[in-house]
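Per-chain residue numbering starts at 1, and chain names A, B, C, D and E are given in the order in which the chains are listed.
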Amino acid sequence: MVAMVLAATLALSLYLPLMSGQLSLATPGFYAIGGYVAAILSTKVIHVTGPYPIPLILGEMILAGAGCGVLAVLIGVPALRLRGVYLALATIAFVEIVRVLSLTVEFTGGAIGIFNIPQPFVTANGIEYLLIALPMLICAALFVYRLERIGVGRALVAIREDELAADAVGINPTRYKVLSFAMGAMLAGAVGALSAHFLNTWNARQGTFDASIAVLAFVLIGGSRSFVGPIVGAMVLTALPEGLRAVAGIGELPVWLATLLRDGRVIIYGLLIVICTLNFPQGLIAPRQPVRKAVKSS
Amino acid sequence: MLEIKNLTVNYGGVVALNQANLEVRAGEIVTLIGANGAGKSTLLRAVSRIVTARGGQLTYDGHDLNRLRPDEVVHMGVAHVPEGRRVLARQTVQDNLALGAYVRSDTRAIAADMQRQFEVFPRLAERRNQLAGLLSGGEQQMLAIARALMSRPKLLLLDEPSLGLAPLIVKDIFRIIGELHRQGVTILLVEQNARLALETADRGYVLEAGEIVLSGPASDLIEDARVQQAYLG
Amino acid sequence: MTVLLDVHDMTRQFGGLVAVNHVSLHVNEGEIFGLIGPNGAGKTTLFNLMTGLTPPTSGKLSHRGQVITGLAPHAIARRGIARTFQNVRLFGNQTALQNVLIAQHIHGKSGMLASVLGTKRARSEAREAHERAMDLLKLTGLTYHQDSEARNLAYGDQRRLELARALALRPNLLLLDEPAAGLNPAEKRSLSDFIRRIRQEFALTILLIEHHVPLVMGLCDRVAVLNFGELIALGNPADVQHDPAVIEAYLGA
Amino acid sequence: MDIGLTFQQLLNGLSIGCVYAIFALGYTLIFSILRIINFAHASVFTLGAYFTYFLIGGKFGFNGLLSNGQLPFALPFLIALVVGAVLAGLVSMAIEQLAFKPLRNRGADPLLTLVSSLGVAIVVVNVIQYLVGAEIYAFPSSVLSGLPAAVNFGNADRAIPIRTIQIVILAVSVVIMIGLTLLVERTRTGKALKAIAEDATVAGLLGINADRLIMATFFLSGFVGGLAGTLVGLSVSIAGPYFGIAFGLKGLAVIVLGGLGSIPGSILGGLLIGLAEAFVPSSAIAIKEAVPFAILFLVLIVRPQGLMGRSLVQKV
Amino acid sequence: MRQHQTFNPKLRERTVAVVSAAGLLLLAACGAPTAGAPGGSGATSGEPIPICFSVAQTSNTALLGQDQVVGAKIAEKYFNDKGGVNGRPIKLFYEDTAGDENGAINAFQNCINKDKVVGIVGPTLSQQAFAADKIADAAKVPVLGPSNTAAGIPQIGEYVSRVSAPVAVVAPNAVREALKQNANIKNVAVAFAQNDAFSKSETGTFQKTVTETFKLNLVTVQTFQTTDTDFTTQATNLINSKPELIIISGLAADGGNLVKQLRELGYKGLMIGGNGFNTTQVFPVCQAQCDGLIIAQAYAPGLDSAINKDFIAGYDAEKKSKLPPQLTAQAFTAVQVFVDSLKAIDTKTKLSGMQLADIRTALNQQMLLGGKYDTPLGPISFDKEGEINQGKFYVAQVKMTSGTEGNFNIIGTY
């Protein structure tokens, strides 16, 4: 559950730059950095006995978000001149550089990472993290929902649809692209900070190319034209392997089917991704497009 | 030569063509006029099979076109000069022309045909090694027509050859269309500039909101009050 | 008469191709100025130079006496220079209303946070923007289509919507790139009337590229003719029409 | 750094670069025609290696459905190499038919194709694991029988050895590159492919059967990928179903660095990245993995279309 | 060029269908843990005693995980054939952790709540252990790490133990053996897989051993990644630093390739491979070039004890080989520790009369206090924290017999 909510929030952080048409896969990079911020602060800087205070976690999240935002502006100004797949590649390069650096420098603990991150909850089966994760997701979703309905959001969408035309109607593309990129980075950083506590450990494997692609799949499978899409996509794709595991565990299934479901669960997962892409070109959550209007205007 | 019966095409939920009937006889220039969005281009696209008809028959030389892929239609001798020219901008003029003859394998005759195109369109000869994307609009239109001719078509589908061109160039293009006609190429011409089209064509059809509303010899249509009111101004 | 836009000795090269070659002209406040010439003569490039979409190789551009060469397109747009495009460039997946609202964005005053939270001021501002946008849609006859996605509009409607969007910028100079392309004769006539009307109503100066010679001659106060990137004639329509150079290069006998 | 070491690292860099380049060629081929990034290419590369391993009579381990499976016959290595590559090409064609063609016919966003190819990659990799387990398979060193393990480019005093297999890979990738370049630049089919790349509709109007040529392209890409997989597998053994995936990311860097869709570009990109990695100072080796990506980032910012890519001027 | 999407009226319906199907899956996924309320009695009836074996069966960590599963399967069969826990068989639940932390958490939650096991063996990676073990600890379910060697694992909680000796104990012996073979070793070069937690820990120990214990020169430290395949740059750097000994910490594929490429590029000196080399998987990778490689082992197939012979017989029956990897032996050992401890509890108080929660607690206590276990690893016991005390370590040297086959010859026992 917590993993689903965190994944959904991460998907939103990729959706934000996508609102202005920027295919940035930097999310896992910022996520990793955010996690390191929280992990280092809570294990090496702050020493608390007993359960770790939630306000401190919130503070770490804000700090991580702010740090990632600043970094995003620094990277974004040069990188966002790139378009489409080139931007995607440049951001993947960023993720990879973050990964290698975190393996190399000392304070991140190398491949082992940082562990025994203080826990705010005593009965740590993790579900209590929803207390923080869910409001964060709701706030982020509400923010995006509102954003789509105000001038700034419209400017972002205009850039996505036609950057040149947007420029010609007075919208500064660089400024808004960097803004949406930085907002995504801030969100990813905050999610990372929370995840570090949730996972109890943080290491270089958190922010990888694979994660970039996974988050992209969340958004595209869910639907990239409304903020609900990424949320649904992330939740479905995160739950899917577990769902298949649960289905395989149902007692009444024939043995061969249960075996296939259990051992071939990842194969089925891959197949479902292909099938979803083929059958839901707009994502599971397609934009509303009433037939009536299309006819009327022709 | 070409017979279209009850052709219906939908784009999504929108009807682009509704039960259209049209025929082109060998040696004719037939023009199709109508307002923007009336479905003129759609009809040509249905003939060359780059859109799929929802209903109706498309018969060319006794063959059912609805069963064919676009490339097979070209093999049957139908060449389509699409709207907006669509030359291959990243290939040279010469390569564009060579690709026009993709369906043919008679190397020597192809070379001769290319030479002929260069005679008909001297501007292209000058620029044969340039990338097609660097040509001006008029030159691109000429290249698009020349490219289509490289397949030695029996039927030429021309979509808006005058679109966005200066008056002088439009005259030039229509002069060439007339010449092609005299050489015996059958032409189905879609044109925005109704006066020019009707002056060039033998027969004409008027398309409104996806339906054929009027047809007849071009000279009659040019006199028709409704046509004058709506298309000739 | 005051000069609104001054193009001074502008040149633009693309690789070896000189698209615009030492062109100088000025547009006076309140006039309708026509730009004609054969294909590839550099008309659209000149438009792009004026709106900042293409930086000039050399030359100077001033608006109301201030040099604006090298400014980004959005900065130029904010000075009140609005344009339409030869191949309509709308925000296709957005409704007609949204297209107009997007262009009004630059006049918004509330910050992002205020807007997201929906403060009182932001709300009233949003209401005003909406009203103004509806007015513009009404003016262009698109009220009925306000909720249609732009890409689903008929071609003529798309052109009108692009015009409404340009007007939403509250421009002082409006650049129209082939506004009559693809319109039938009746529509062309009403377009002329409409252009005159908006000049009046919005106190506009209008610069337009057009191939349809009768329309240009009937509508424009002054006409410039470009050929191979060079200015070959400039003057009132009647003179230009009889200029031998123009007849040879463009109009034909 | 002394001259000998510099020369050694230069040769090292070139030989690593060739591995990257040979991997990237199939990737590039698909991109140049269809403008899509085909993540499944890495899994086809892997499959090629497994096919060849099986065809030379290799035995599977005991994990997976085909435990201890083995062909009743064994092909000579060279024949197995070609047959394995052909099989990989066929798989690549099947992938195109099942996972890409429906999207293409609908004119879907290329990004969706990317996700679809990702799904295919997941399926292929896990099917391999399901069938033959995750263990390491290696070609017997006897397939290169008679050849020394390394060739010395220095002298007896100062040895500058290069592994023989890497020289083979270098040679093969140069041959493939020349072949592909000739195919695309010089032949009628190549021009038709370029036409499809630019405007598939127009290609159809010129009588080009785009579907058939695209299938052929996928076959070729799979063939080249399968060949590369076997050769790299020969060099370093097949380290499980994720063997090819490990090249995926760097392969992507290579083709972007060289200029997406440019065949000589991907060779150049591969060699450049190989050299950059080789010349990371010994003391800073820890950041070696980041170097290609730092270069990529910088090159993209200075020259967004890649080293040999052509910039496309946007027309207004 | 962008074409217009055709609108498909069925799309809406299908969207609804898929979303609701996905919803069902979600329910299934979330429902699983809640369905298994604690206090259940999976172990109280006469049914088999459930134990979880939760390692990576998918993802690229499966290369390690599948060796572990083999060990578990041999153990399950072996102990059940011998009568299980005083007559009651055990049943292993295999929950796939995949390769990441979230996967491990999910797998552990399934073990605890759905399978209602008495104890968990797993996960594969130390990083996963840091995330998942705390969940088992909070639920008071004993966890035995079969391959987690990083520092700090037993300290995660009271219920966390391991049978995998931390590398600090194993590594120095190999250096000692190398010095025995070549007393002139002065310069030592080190290479390790920087993205592997195991190798990262191990190299630290090796480097300390080299410089502090034996006062040798550490001439260079080269890093690589487990996903790398080409090591010529590192190999050149290593050779160029002119060492008499090279110590490599890595896993089978990457480490094996480095060994191979070092030899091909002309390195003639001694090489030590870390614990990750302790698997026959290395043989096909470096083939003839593996010869002479010295390996520090926490498990030696050559150990002469009854239980090890039984284990090897079991392995041979499955895999037609007499050289089980260390991971397989450790997995077997972990299951054995649980079985032996359960037996001990059952002898005192019948398991069938106990609540699941009590069994879990008792199992943990019994394990930690249970004295010595005679396992394929040799005699082992646990300290209070759950750290393994392993009696015997070995140093072996590879002797290749044919193309891809070879042996680990024990050259030292500690």
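Convention: a contact is a pair of C-beta atoms (placed from the backbone, for glycine too) under 8 Å apart; a residue touches a chain by one contact, two chains touch by 3 or more.
Source: prediction; values computed, not measured.
A comparison of the B-D and A-C interfaces places the larger number of contacting C-beta pairs at A-C. When every chain is reduced to the mean of its CA atoms, the largest separation from chain B belongs to E. Chain A and chain E have CA centres that are 31 Å apart. Centre-to-centre, using mean CA coordinates, chain C is 50 Å away from chain D. Our note on geometry: chain A versus chain B, Cα centroid distance of 50 Å, whole angstroms. Looking at chain C, one finds that residues 53, 85-86, 152, 154 touch two or more other chains. For chain B, the set of residues that touch two or more other chains comprises 12-14, 37. Contact of a single residue of chain A with at least two other chains is seen at positions 103-104, 164, 263, 266, 281, 289, 291, 294, 298.
The residues of chain C lying in touch with chain A in their complex are 51, 53, 72-75, 77-78, 82-83, 85, 89-94, 98, 101-106, 108, 110, 112, 115-118, 122, 126, 129, 145, 147-149, 152-154, 157, 165-166, 168-169. By the touch rule above, chain A contacts chain E in their complex via residues 1, 3-4, 103-104, 110-113, 115-116, 119, 122-126, 199-201, 203-206, 232, 235-236, 238-247, 249, 262-263, 265-266, 276, 279-282, 284-286, 289, 291, 294.
The touching residues of chain E, when paired with chain A in their complex, are 5, 7, 9, 11-12, 14-15, 18-19, 22, 25-26, 28-32, 57-58, 95-96, 98, 100-103, 105-106, 109-110, 114, 126-127, 130-131, 134-135, 137-139, 150-152, 155-156, 193-197, 199-201, 223. Only residues 188, 191-192, 194-195, 198-199, 201-202, 204-211, 310 of chain D touch chain B when the two sit together in their complex. On chain A, the positions that touch chain D within their shared complex are 23, 78-79, 81-83, 85-86, 89-90, 92-94, 96-97, 100-101, 103-104, 164, 209, 213, 216-217, 220-221, 263-264, 266-267, 269-274, 277-278, 281.
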